[in-house]
Amino acid sequence: MRKSAITAEAAAALIPDGASLMIGGFLGVGSPDRLIDALVSRGARELTIIGNDTAYPTIGVGRLIEAGCVARVRASHIGTNPTTQRLMSAGAIDVELIPQGTLAERIRAGGAGLGGVLTPTGVGTIVARGKQVVEIDGEIYLIEKPLRADFALLRAHEADYCGNLTYRLTAANFNPIMAFAADCVIVEPDEIVPTGVIPPDAVRTPGVLVTHLIGRPR
Amino acid sequence: MDAKEIIARRVALELRDGMLVNLGIGLPTLVARFVPKGISVAFQSENGLIGFSAPPPEGMENRNLTDAGGGFIAALPGAASFDSATSFALIRGGHVDMAVLGALQVDASGRLANWMVPGKFTPGMGGAMDLVAGAKRVIVAMQHAAKSEPKIVETLTLPPTSARRVSLIVTELAVIEPTDEGLVLRERAPGVRVAQILAGAGARLIVPDETPEMSLGCD
Amino acid sequence: MDAKEIIARRVALELRDGMLVNLGIGLPTLVARFVPKGISVAFQSENGLIGFSAPPPEGMENRNLTDAGGGFIAALPGAASFDSATSFALIRGGHVDMAVLGALQVDASGRLANWMVPGKFTPGMGGAMDLVAGAKRVIVAMQHAAKSEPKIVETLTLPPTSARRVSLIVTELAVIEPTDEGLVLRERAPGVRVAQILAGAGARLIVPDETPEMSLGCD
Amino acid sequence: MRKSAITAEAAAALIPDGASLMIGGFLGVGSPDRLIDALVSRGARELTIIGNDTAYPTIGVGRLIEAGCVARVRASHIGTNPTTQRLMSAGAIDVELIPQGTLAERIRAGGAGLGGVLTPTGVGTIVARGKQVVEIDGEIYLIEKPLRADFALLRAHEADYCGNLTYRLTAANFNPIMAFAADCVIVEPDEIVPTGVIPPDAVRTPGVLVTHLIGRPR
């Protein structure tokens, strides 16, 4: 099941204004930088971004914020990006803050066909507002619903011709779970290798989940 | 010895051999410098690694190897990397033996606030809510007061991070344990008097007959 | 050509290029032999592998490389292995484009029964309930009748595998599609008359004006 | 965080009669055979076994069934083991059948501190009996509760001195998720290697989850 490689610009052209995007990365580490730059260049607008954070103004997801591409953010932390905080205070960006573990489980649930998960995280806090609460064996849990997106924009270390992926150290973070949770999965690998170079036990995202690979820059 | 070092040194004495430990960003990170001799602990970084030291050798930084604060780290032999869902399965599932977190406030019921100041500053909770919900022990490492405002308060005025009670509060003045009866003063810093601790607290502290001086593991 | 080959050949014509496919144990496994030329599909084995062929070369069997029926397989270049939670995330999450399952009964509402005969035989559902709940298309591959008892019935007498309607039923006599209106006869096997199909069914079939002969992809 | 290696016999002595055990493996592939044999030799009784299946009478978990060690089974499939079926019909073993994906999620939830998951699997079937049903955005889901056990008995490919584990191909199956879901995790690796031989990105179970490693047979 060979994939064909497309350019970051071609990928950005696939993503319409108003789309919801899951973007991998943790403070920019493991984010698809060329895809992000291509979206900025294309002048994308009204995007919804789902990811751990908005990094820094000049790094990772922060570049999309800075360029005015983003209308909505769902993240666990925006403290490293003053622009996000300023736009949020000004009402120019809608920000939903989600506990990091809950964000991970909601994305996983969205990709795994679950209707949600029950978590103790957030019980008795603002996070519980408007959420269904259930008691299971004497403990209180929030029902947290699945998250999905139109697109997942991922950074990987290696991709083979079939789209099988590996990640490096802390650059994996949200990338592997986002690969399950979007209708179109676009991956920017550090390297593309021939099929068979990644052994089956080293594959961390099966290629069947991947829609497009970003190829070597021309 | 400054306030931060006192806090970090005292928190480090809570470490036990074989523990898996998560240190929050900021002050808690300092705890790693004072791991008692003869004790081996593993540190987890919630962005996806167990087994690291910071910082890496000069010039050897790797852009794919950072801690939850974005700082460069070095993996130690025996390190393991994993994705965010797995990282929080470790945290929420009770596999982290001890979490050390900073705080804006802790109240008389032992609840912690550390993720937002309404109308002022909303960085977000990051992994803090999951750590407080899931870690076996949660230790608050914070200065006793901020700009002479007490951080130990009767009832939180800031949004709580969790309904769960933390295990221990360590400041540069005291060690305080939240219990069913309230906040119990367990130790005082070297040279600090009980009256000073009480004066700096915005909540009633239960003071036992004896309040020993805290060890700072300096011997 | 025996009944099983007819069924497997016809089911194989439902395959489309690039699909991820899960074949149940038994008859459905045969489908892999008849993948149409020019089409490339990936097979998933729910015990944790995508990309395999069966059987491996003689003498090259590996005890750590089997399919969901316990039979030895060979991994193909580009194969990926994973644990059971990930395997069922793929299945439940709609990432499997087509599942082919055997059945004991299918009823007029398109529900399938394939995991127990009360009081007689209870092998368990294995992965079948998840496959029916989660695969994009579910194809039932079964003989038209068992010991002259119809397997297509008005209402299941055996415990259902899912409340969800299957996409298509393929037998050695017919291709039948469950719809909102009921079971629609879509195709008949070469040389088989409509009357014969109806006689062997325990449920009412909707018969369109034309019932073309099924292709078996033999050209 | 070094582990010490113990024998299968020493491990079996740690496991009391009546204990609940998660045992990795799929029809015996990826099951800890030496641990199972040691439990049979010790004459363990009244065990509760949680796992995918009961394999075959002479293989894997089937050996525990055959030796009369087992009182309760929670599995997705017992069709390959006529002894399990016979003992179940005779009322000598209590068998709970759980859809395979639900079994995996329940074990994962048990290890991940979730109060449960919402799954569409089993809605409208016997599996739904006695379970809480919730509607989320118009779809019906079952609340499936977490599973945990006193012990997890796992088979791995490599273990390093810290307990970090790798698995081989389809021998992984339930092993990685069970490592999170038991109070005591005992691992039988094919090989033990020095710390550092398994690179961080190849580790599939972090050693912090492992309590004991079974060493080389004497």
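Think of it as A, B, C and D in the order they're written, each chain with its own count starting at 1.
Here, a residue touches a chain if its C-beta (ideal position, glycine included) is under 8 Å from a C-beta of that chain, and two chains touch if they have at least 3 such contacts.
Bear in mind that the values here come from a model prediction, so they are computed numbers and not experimental data.
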Which of C-D and B-D has more C-beta contact pairs: C-D
Furthest chain, CA centroid comparison against chain B: C
Chain A-chain C separation of Cα centroids, rounded to whole Å: 35
Separation of chain A from chain B, taking each centre as the mean of its C-alpha atoms, in whole Å: 29
Residues of chain C whose C-beta touches two or more other chains: 49, 75, 81-82, 88, 91-92, 133-134
Contacts with 2+ other chains: residues of chain D: 105, 108, 112-114, 119-120, 167-169, 172, 200-201
Graph class of chain-chain contacts, one of line, ring, star, complete, other: other
Chains grouped in pairs wherever the two touch, ordered by label: A-B, A-C, A-D, B-D, C-D
Of all residues in chain C, those that touch chain D in their complex: 45-49, 62-70, 75, 81-85, 87-88, 91-92, 121-130, 133-134, 159-164
Residues of chain D that touch chain C when the two form their complex: 26-30, 52-53, 75-80, 85, 88, 95, 97, 99-105, 107-108, 119-127, 157, 167-177, 204
For the chain C and chain A complex, residues of the former touching the latter: 18, 20, 40-42, 44, 49-51, 75, 77-82, 88-95, 133-134
Residues on chain A engaged by chain C in the complex (per definition of touch): 1, 108, 111-114, 160-162, 164, 180, 195-196, 200-201, 203, 206-209
Chain A partner contacts - residues on chain D that touch it in the complex: 105, 109, 112-120, 132, 134, 136-137, 139, 141, 143, 145, 166-169, 172, 200-202
